[in-house]
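Consider the two complexes below, in which chain A is the common component and chain B and chain C are the respective partners.
After this line comes the complex of A and B, so read on.
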């Protein structure tokens, strides 16, 4: 029984790996397709669909919009989340449990419902849909996450350093910029990058709250109307490569270094 | 983590920006959805009188009830299949892979996470479509005579979902298994339990709370999702989020969309209560 299990377990793991990689493999393979359809037989490799993607102004513009929304909304989400975490962790405020529950409540509701509520609110107020409304939507989704991460990282040793700085005459602003933020820098950066990846990939809120300027997932979704198309494969592979590259760079240059410094 | 200062006036300055933002852009829209769900849309205008017509309509209109049923049954299938596939895989990484390779094994298992969400469903379409990879391969091997109709059915939706949640659950179950002290298994072995008995009576019960948390997460993310059923399942068997999007897009019927959203949130709340109750019973 045990011997059988030992033999079967690696086979099973290989099967799951194959299942996980199957769609990505097919996606990337047929992005190099020579013909007009991303189906067997494969007649490539050809880079013509990548040339078409880079020549597609709507797609490139959507990519820039996405980057813009991700950078901006994540910055706002981290700042709001950090300030709230700092206030709740360092000051005795009434109803702290309730406040924490209120601030993290958006994490428990479907993105679709959050997007629908914002769409109705903006319609009622006569606010036109734009990149700004998408950005506000993404702050609603990501600020609670940043708050939760940063609140969990507000430890006692930082509080002691802050007390020492205060005794030495640091003002409120100096304390925040010179002591609290630098001490939490790795967590702040981590929550910023996490928000960025979520915003970069978010579809439904961006779809509901956009009109003329769309983000990348919304643009790719509208490309799907043309059915199976190697150009969509090329666009998808390119986005995958960009995201993966950014994740690897972040891991190598930011987190590796942070942990090494933490250990030293 | 005790607060060090009791000057609450200053504290409010830090908390209020996010608090006000959340109230204005989350709670106000939320209340607005609930109010909107009691209004109705008559001849293209929204009639602002309180009534429960939308909810009555939900329970008397077959295609809306069917959408809820599709949502719940697809989500339940996805949750069960994902847990069953991910658990042995996570177990293999946690128990059989040498410790120094575990991190790599885990990272390799989640690389496809970084494909865009919309692209991931499209990639499954490449595999499952009538002239896609799977059918071409099966026909070349003479395993089937005619292409299988998988795309635009619930099998395609479930496959797309399971792919994503197997990655997610592998992470959560792995983390849970790593927390278990190997001493429990050793003690059971000393007392004469075989590997199967150790798994059934020691490892599995200890890792159940982690499974329940992961299953709840799967349930919530799956039942609210629009993209996967829309791209892979198509229009034959609509799920609740697809019906909500149809109300907004085609007919601008916000009251109906709002009432369906409230029903969706009720289902999620029920799932939450069920898993919380289960966890509490387990701990007691």
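After this line comes the complex of A and C, so read on.
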């Protein structure tokens, strides 16, 4: 019986992985399609749709917009998240537990709700929708994530090193620049890359808060309205490639830190 | 550099818990002092107050007579060597050690020169460019010491720094700490709960219990003439027999005890004068019980039964019972061949007995 289960286990695992990765695999596969439709039979491989994507000015502009929003909003999100985590971990603040909960709670709120809320707020304030509003939206989404990651890394080990630095004569800025931030650098970089990937392929908030300048997911969505074609596959594959790269980098930093901790 | 430490009626409360009560203490410049006591006795709190990490609820801390009670750790002429070393993991050893000088405006050359000098002092020459995670526990310990000494503090505070090391390494580090302290001449204040460690390194030991100083003095004075029953029991092994003072005159105490009626010199009351009618503890060390065939003069003879025993290398540690009510520990000579249940005639060295008041 257990021998049978042992033999079935890899099969089960293969099934699960297929379930998760088949859609992405199909998308990437048909981005190399030779014909006009992303359906069987596959008659590639061909790079012509990638050429089309890169020749499409709107798409390329959307890609640059996306990169711009991702880089900028993630930087702001990491700085805000770090400062919140540092303040909460190092100083005795009133209603500490509640403040922590309030800072992480947005992680559980639907993007649609956050997007709609921001849309109404910007309308009330008369702020025109633009890349800036999308960026603000992405800061709202990602700052809680950065906070949660960085707060979890500010343990006793870090607190003791900071205490030692103060004892040796470090002022607040020296402490921050020479000890706190460098010690957390892997986590800071990891949370930056993670929030970049979330911003890079975020659709709902970007859709609600954009007008003339759009980000890549919004542009792809409008392409889809004219029907499926391998060009959207190629654009989607590029999105996926960049996300994957960032996630792998983030993993590397977190992983490197974990092994160093293990030895320390 | 070095400084005299003054602690003047320092009290500290955490909420309603009194962690320290009216501590008065003075540690001379250049001494190696050890704060010794069980966990929760307030020794670490006192160290934090000396380092400036806590401001005491009451009282003053002075360095060479200057009040530093409210001075920040960064400004104070003390540095602390922390229990978990608290090295900066992202910096090389040279940068770790150079951190304090850097905060004081030393340039790169000066910092590296200082780091080399300090690494040599702690026996890690040539390891400037290593990172802390490449070191063993004992080596990290040395780096922490080097980093704390690199700023030439007047006072170095050591918070149970040897707790995490295994026994052999701890012994070795104790010797090195003492040697380094002699060389740099800085006043060291070291916290531990290990009385052997205290004896191994201290010029002066401060025995603490429940937020109070029980006895501060040289290891010899605390061991041979303790001021309290707690100090007697915490510094090495002590036998305590409870008794009552029945009378006193100019230079002797008459005591009624389970050991019989005793007349002891007034100097046996090392914890301060005792009065007639007072409950006292008579303390004597296991090595002050002799079992020689011819008992030395001035010893108190007793007929005892050997309850059990164990061999400790330098001696046999034996539990002796007298009249089924009185029990105490004696050290029998290495060459003895004790047998459980046998009857032994012993003598307690009368001059070694101290008379200490029983706390109310």
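Rule of thumb we're sticking to: the second predicted complex is superposed on the first by the 243 of 264 C-alpha atoms of A that agree within 3 Å, B and C clash if a C-alpha of one lies under 4 Å from a C-alpha of the other, contacts with A are read in each partner's own complex, and residues count from 1 in each chain.
Keep in mind that, in the parts below, contacts are C-beta pairs under 8 Å (C-beta built on N, C-alpha and C of every residue); 3 or more make two chains touch, one makes a residue touch a chain.
This one's a predicted model, so the numbers in the text were calculated from it and none came from an experiment.
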Handout entry: Which of chain B and chain C A:94 touches, first, second, both or neither
Key = first
The chain contacting more residues of chain A, comparing chain B with chain C, is B
Is A:243 in contact with chain B, with chain C, with both, or with neither (first, second, both, neither)? first
Of the two partner chains, chain B (first) and chain C (second), which one does A:165 touch, if any: first, second, both, or neither? second
In the overlaid three-chain picture, which partner chain does A:154 touch, first (chain B) or second (chain C), both, or neither? first
So, does A:116 touch the first partner chain B, the second partner chain C, both, or neither?
-> first
With the two complexes superposed on chain A, say which partner A:185 touches: chain B (first), chain C (second), both, or neither. second
Partner chain(s) touched by A:21 [first = chain B, second = chain C, both, neither]: first
So the chain A residues that chain B and chain C both touch are 156, 163
Given the complex, residues on chain C that touch chain A span 51-53, 72-75, 78-80, 82, 84, 86-91, 99-100, 103-104, 132-133, 147-148, 151
Seen from chain B, its contact residues with chain A in the complex are 1-8, 10-15, 17-19, 21-23, 25-30, 32-33, 36, 85, 88-89, 92-93, 96, 108-109, 111-112, 114-120, 122-127, 129, 131-133, 136-137, 163, 166-167, 194-196, 220, 223-227, 231, 241, 244-245, 248, 254, 257-258, 261, 264-265, 268, 272
Given the complex, residues on chain A that touch chain B span 1-2, 5-6, 9-10, 12-13, 16-17, 19-24, 26-27, 30, 37-40, 80-81, 83-84, 86-94, 99, 102-103, 105-106, 108-114, 116-121, 124, 136, 139-140, 143-144, 147, 154-156, 159, 162-163, 172, 197, 201-204, 208, 216-217, 220-221, 224, 228, 232-233, 235-236, 239-240, 243-244, 247
The answer for chain A against chain C in the complex is residues 156-157, 160-161, 163-171, 174, 178-179, 182-183, 185, 260, 263-264
